[in-house]
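What follows is subunit A paired twice: with subunit B in the first complex and subunit C in the second.
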Partner chain A sequence: MDWSQLFSVAQLANALALASLLTILASGLALIFGLRDVMNFGHGAFYMLGAYAGYSVGKLLGFWAALIVVPLLLAVVGAVFELAVLRPLQKRSHMDVALVTFGLALIIGPAVHKVWGTVPLSVEPPPVLAGSVQLFGTMYPAYRLFLIAVGFGTCLALAGWLKFTRSGMYTRAVSQQPHVARMMGVNTDRLSLLVVCLGIAFAGLAGVLAGPYLSVDPGMGASILISCLIVVVVGGLGSIGGAIAAALVYGFIQVIGTVLFPSLAVLAPYLLLFGVLLWRPQGFGRGRVA
Partner chain B sequence: MPGFTRRAFGAAATLALAAPLAFAQPAGGPIKVGLLLIDSGPFATYAGLMESGAKAAVEMLNAEGGAGGRKLELVIQAHSGTPAAAVAAATKLAQQGGVSVILGQTQSSHSLALVPKLDSLNVLQIDHYAQSNDLMTKSCAPNYFRVNTPDALSTRMMQEFVKGSGAKTWNLISVDYAAGQSFSKAFGELVGGLGGSVQQNLFSPQGTTDFGSYISQLSKPADALVVTLYMSDGQSFAKQSRQFGLFDKYKLVLGNGFATDFQLESHGDNVLGVYNTLSWTPELPGARNQKYVQDFERIAKRRPFYTDADLMVALEAFRAGVVKAGSADPAKVRKALEGLKIDTIFGNVEMRAADHQLIRQHGMAQVVKGPGGKNIFQMKVLKSGPEIYPPASPECKASS
Partner chain C sequence: MDAVATMTKTAPLPAAAAPAGRRWRAWGVFVGVTVLGLFVPMVLTSGFHLGLLINGIVLGIAAVGIGFLMHQCGLVMFGVAAFIGLPAYLLGIFSNHLNLALPAAAALALLGSTAFAALTGALVVRARPLPFAMLTLALAQMLKSAATLQALRPLTGGDDGLTMTLSGSLFGLNAAALSKAASFWPLAWVALCAVMFIAWRAAHSRFGQVLRATQANEERMRFSGFDTVWPRLLAFVLSAFIVSIAGLLMALHSAFASPELLDFATGGHALVAMLVGGGATVGGPLLGALLYTWGQDAFGATGYLELLTGIAVVVMIAAFPQGAMGFLLKLFRRRQ
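Now for the complex of A and B:
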C-alpha cells in the first residue's frame, strides 16, 4: 500500500479527468431524466455512436471539426429519439419506456459494429495535445488536461444556461412542477425536444472526447453506462449539480481504490452507491435540474 | 380415434427410438467441430477474426480430403464470455450440436471450468487459446489437449531476455484473472531466481478503460516493465502509456500477449520497440507453412496471425488423431493423440502423452518499423519445443 501515491498531482489529475468525462455524460442523462422522467438506458450506446462518428469525422476533417460536428449530428439523432420514441411513449409507464431505451441500445450496438467493425479503433489526440506538459513538477498528458477543462467548462456553460436564460428557467420549472409550468404557458413539447437534443449531444461530445483518452471499442457503451448510472443515482436522480459532485467523488474513489486496495477497486463504485443509498437515498442533489 | 392413437403411438415410439441418433454423427457424414466464440466484453472484439480463421482452416483441410475421408464441419456457438456461459455453450455444442471436439476463444478461466465436464459431455477439447499453467498440471484432464503455449513457456522464453538485459528491477502490470495472475507469479519467481526484484506488481480488472492511475504508479523508477494486458485493455494501456511517456522511462518493455500481431495495426506506434512473446509468424520456414499462409490469404482475404496458426494446428492435430483412430469417437481419438507425432504447419511436432501438451516452438519478437513504414514483428529468438518445454508435471494424470 503506497499512501504517497494518493497525494501526487498526477493521481489528482487522473481522478479529475475521469470525473470530467462522467460529468458530461451524466449531465445529459440527468437532464433527460429531470425533464422527461425517462431513465435512458440507450445513453451508453449514443456515447459509443459519438465516439465512432468522432473517429470517422476526425479522419475526414480532423479532431477539432469532429468536436463540433459530432455533437450536432447526435443532436439530430436526439431529435429523432424524442419525436419517434419518447413522445409517442410519454403516457406509458416508466418501465415500458426504460425497456424501449434499453432495446434501442441493443440495436445501436450491433449497427455500430456492422458499420465500423469490432476491432478497437485508435484515435490519437490532435498534435497540439499529443505530448505531456509539466504539471507542478510532474509530466502529465496534455490531452487529459484539455479533457478536464472541456468537461468542467461544459458543466459551467450548462449551469449558466439553466440559471441565466429563459429556456433554462423553463427547464427548471418543468422538471420541478410540470403541470404548473404548462398552465403558465410553457411549451413543454418544444422544451423536451431541446433538452433531449442537448442530452444526446452531450453523449456525442463525451464520445468524441473519449476517443483519444480511452479506446474506441465495441464494449465502451455498456461499460460507461453503468458508471454513468451510478453517478446519476448517487448525485440524485435528475440533479445536474448532484451529478457533477457524484462524478468527482466517483473519480477520486476509483483512483484511491486502484492505489490502495487494487483488488477491491472494481467494487469501489458499487460500495459508494450502497453507502449513499443508505445514508442519503435522495442522493447528493437538492432536486431536479438543480 | 382408435386408429389415430395406434398410429400416433407407433410414430411416437419410432421417433423416441430415433431421437438419440439424431445428434450422433453418422459414420460417413461430416465430423462436427465446435467453435466457441465470445460475443461481449473485450474479447468479443476478435471473435470475427477467430471465426474467419477457423473457416479458412476447415476449408483448407477439407480441400486436403478432410479427416479420414470425412469432411470437417464447423458448428459455431457464441456466449457472453463468463466461465459459466462458456460451459453452457460447450454443453450445447456437445449435446445438441453433436460435436466431437471443441475449439475456440477459451480463456484460461473458461478452460478451467470446462475441463471437469469434458468427460461427461463425451467431447474433446483441443485448446489453442488458454495459457494457464494449471491446465498442464493439477487441472489437466484426459479429454483436454493444448496446442498453444502456456504461461510457463512464455516466462522461459523471457528468461534469456531477463538475463541478457541487465535489468535488476522490474515493474509488472497484468490483467486480474487467471492468466495474468499465473504469469505474474511465474515471472516474479524467474526474476527472483536471477537476483532481481519486482517493485510494482499491479493487476487491473479486465475491461479497464482508464489506466491513468496505474500508469502513475508505474512511473516509479525500475529498469524494465512487463505488460500482460490483452485485447482492448492492452490497446488502451499502450495509447495512454504513450501519452504519459511511460515506456521512455524503462530500458526494456516486455509484453506478454500485449503487442500481438493482430493488434499491431491498431496499436500504431504506441508499441514500437516493445518485445513480445510470439510463437509464430508467416515468415517461418517450411513448405507446409508457406502453403498455409498463401491459402489463408486467398480464402480469408487477410494475413494470418499466430492465433490463426494455433487454431490450424489444433485442427491438424484433431485430424491426425481421427486418421490414426479410424474414427471420430472422442475416446478413440484421445487415445490416438497421446504421444502422436503430427505433421503440422509448425513442422513435425509431438503431442506429449503425459500431459497432452503439443511440444512446439516459441519465440520472442520486437516491434520494429518495416520497409514500407508499417510496424512489423522481427523475430529475435525462436526455440524449438524440446528446448523449452519443462518436463510433464507429476500432478497431471491426463494419460489414459
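Now for the complex of A and C:
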C-alpha cells in the first residue's frame, strides 16, 4: 500500500474530474426529481444519447460546436419527454412513472446502437486541450482540468439561477410545496417544461464532456446511472447542493478506494450509500432544491 | 380510525368474514387447481413450451414476493436480484464445498438467504420508500461485487459462475431429474401454489391489515399503540423468503449460478412482470410474469428484444394503471 499516492495532485484531480461529471448529471436528475417527483431512470440513456450525438456533431462541426449544439438538441428531447411522458402520467404513482422512464431507457439504448453501431467510439479532445499541463509539479491532462472547470462552472451557474432569478425562485417553491406554489399563481406546467429541458440538456452536456474523458460505448448509460442514483439519494432527494457534495464524496471515495484497496473499490459506493442513509435517512441536503 | 376506514374500503374483506360455505368452495378450488396443475406436462408435451412455462412461473414466484411487499407496505424492492442470486450461490457453495446432500443444501440455502434478509431488513425497513428501494438495490450490487471478487473466486467461481454438483435427491428428484422440465414441473408448480397461498393468507390476515394501515398513516398507527417497524420487517422477510424460493428453484433447475443472477436486470424482470400484471392481487404478478416470459420469447425471436420490451413496458404501464390483472377484474366486474 502506497500512502503517498493518495495525496498526489493527480489523484485529487482525478477525483474532481469524476465528481464534476457526476455533478452535472446528478443535478439534472435532482432538478427533475425535485419538481416532478420522478426518479428518471432514463437519465443514463439521455446521457448516452448526448455522448453519441456529441461524437457525430463533433465530427461535423468540431468539439466546441458540439458542446453548444448537443445540449440544445437534448433540451428539445427533454421537451418531448415532458410533454409526451411526464405530463400525461403526472397523476400516476411514482413507481409507475419511474418504470416508464426505465422502459424509455430500454428503447433509447437499442435505437442508439442501431444508428451508431455497438463498437466503442473514441473522441479526441480539441487540439487546445489535447496535451498535458504542469500542475504543481506533475503533468496532468489538460482536458480533465477543463472538465473540472466546466463541471463546477455549471454548478455555480445553476446555483445562481436558483438563487437569484424569478424562475429559479419558483422552482425552489414548487419543489418545496407544489400545492401552495400553484395556489400562489406559479404555472407549474410551464416551469416543469423548463426544468425538465434543463435537466435533460445537462445530461447531454455531460455526455459530450464524457466523450474524450471516457469512451463512447453502448454500456456507458447503464453504468453511470447507478452512480448517479447513489449520488442523488446520498445527497438528499432533489437537493442540488447535497448532490454536489455527494458527487465530490463519491469521486474521492472511488479514487481513494482504487488506490488503497483495488479489489474492494467496487463496493465503496454502496457502502457509502448504506452508511449515509442509515446515519441520515434524508441524505446530506437540507431539503428540496436548495 | 381513518386509516382503517380507508383501508377496508379498498381491500377485500378478510376471508373470515366470508360465509363458511364459500370458504370451503374456495379451498376446494385451490386444492383442485393445485392437483390439476400437476398434470400440465402430460398436456403440454413440447419440452420448449414447458420450459418456457417453468421460467414463467418461477419468475411469477419472485413477482408475487415483491408484489406482496409493494401492495402491503408500499415498499418497492429494486434489489430483488439479491434474494434471487444469494440462495443460488448458497446452494452451490453448500453442495460443492461442504458436500451436503440436496435437501440439506437447499434448506440451508433458503434459511441463509432468509436470515440475510432479516439482518439487512432490520436496517433497511426504517427507510422511506425511495431510499428503501435504493438501499435494496445497493444490497444486490454489493452481493454481485462480492460474488465477482478475485479473493472469493475459489468459492464463487468469479465471473465464470458456479457450476454445481448436486448430490442426493430432493423430494425424490436427483440432479438429472431436476434439470429435466417434465420432472421439475411438479416441484415448481407446488412451490408456486404454496407461495400464492401464503401471500394471500398473509394479506387477508390481521397482519396484512396492520401493514396496510401503517402504509396509509404510519404516525396514527404509532400513537394508536401499534408497533410499525416489526410488522414491516416481518413483511420484508416474508417477501425475501418468497423471492428466495424463486432463486433456489432457478438454481436447482439449471445447477448453475452466475453473477448475472445478482444483476439489476434480473431483478428488473421480476419488477416489470409484477407491475405489468398489477401488484394489488396475488394473481396479478403471476399473470404479469407469464405475459413477460412469453413476451421475452416472442420479442427475442425478432432480434429486437430490448427495444420491444421497452415499448411493451411503456405501453402496458401507461395504458393499464392497475396492471393487466386489474384491467381484467374491472372488465369482469362490469360484465356482472
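Here is the rule we use: the second predicted complex is superposed on the first by the 290 of 290 C-alpha atoms of A that agree within 3 Å, B and C clash if a C-alpha of one lies under 4 Å from a C-alpha of the other, contacts with A are read in each partner's own complex, and residues count from 1 in each chain.
Just so we're on the same page, a residue touches a chain if its C-beta (ideal position, glycine included) is under 8 Å from a C-beta of that chain, and two chains touch if they have at least 3 such contacts.
Not measured: the values here are computed from a predicted model.
After overlaying the two complexes on the shared chain, residue contacts for A:P141 are found with subunit B alone; subunit C is out of touch. Once the two complexes are overlaid on the shared chain, A:N187 sits clear of subunit B and of subunit C alike. Once the two complexes are laid over each other on the shared chain, residue contacts for A:T118 go to subunit B alone; subunit C is not touched. In the superposition on chain A, A:I226 contacts subunit C only, with no contact to subunit B. When the shared chain is aligned, no partner comes close enough to touch A:T165: not subunit B, not subunit C.
Once the two complexes are laid over each other on the shared chain, residue contacts for A:S263 go to subunit B and to subunit C alike.
Using the contact criterion defined above for the overlaid structures, shared-chain residue A:Q177 touches neither subunit B nor subunit C, since it reaches no partner. Contacts of A:L18 after superposition on the shared chain: subunit B is touched, whereas subunit C is not. Of the residues of subunit A, those at positions 263, 266 touch subunit B in one of the two structures and subunit C in the other. By the touch rule above, subunit A contacts subunit C in their complex via residues 39, 88-89, 92, 94-96, 99-100, 102-111, 226, 229-230, 233, 237, 263-264, 266-267, 269-271, 273-274, 277-278, 281, 283.
Note for the complex: subunit A touches subunit B at residues 2, 5, 8, 10-11, 13-15, 17-18, 117-122, 124-125, 130-132, 139-141, 143-144, 212-215, 217-220, 222-224, 254-255, 258-259, 262-263, 265-266. Taken together, the subunit B residues at the contact with subunit A in this complex read 40-42, 44-49, 176, 202-205, 207, 209-210, 212-214, 216-217, 219, 231-232, 235-236, 239-240, 243-245, 263, 266-268, 270.
Those residues of subunit C that touch subunit A in the complex are listed here as 70, 76, 123, 126-131, 134-135, 137-139, 141-142, 145-146, 149-151, 264, 268, 271-272, 275, 304, 306-307, 309-314, 317-318, 321.
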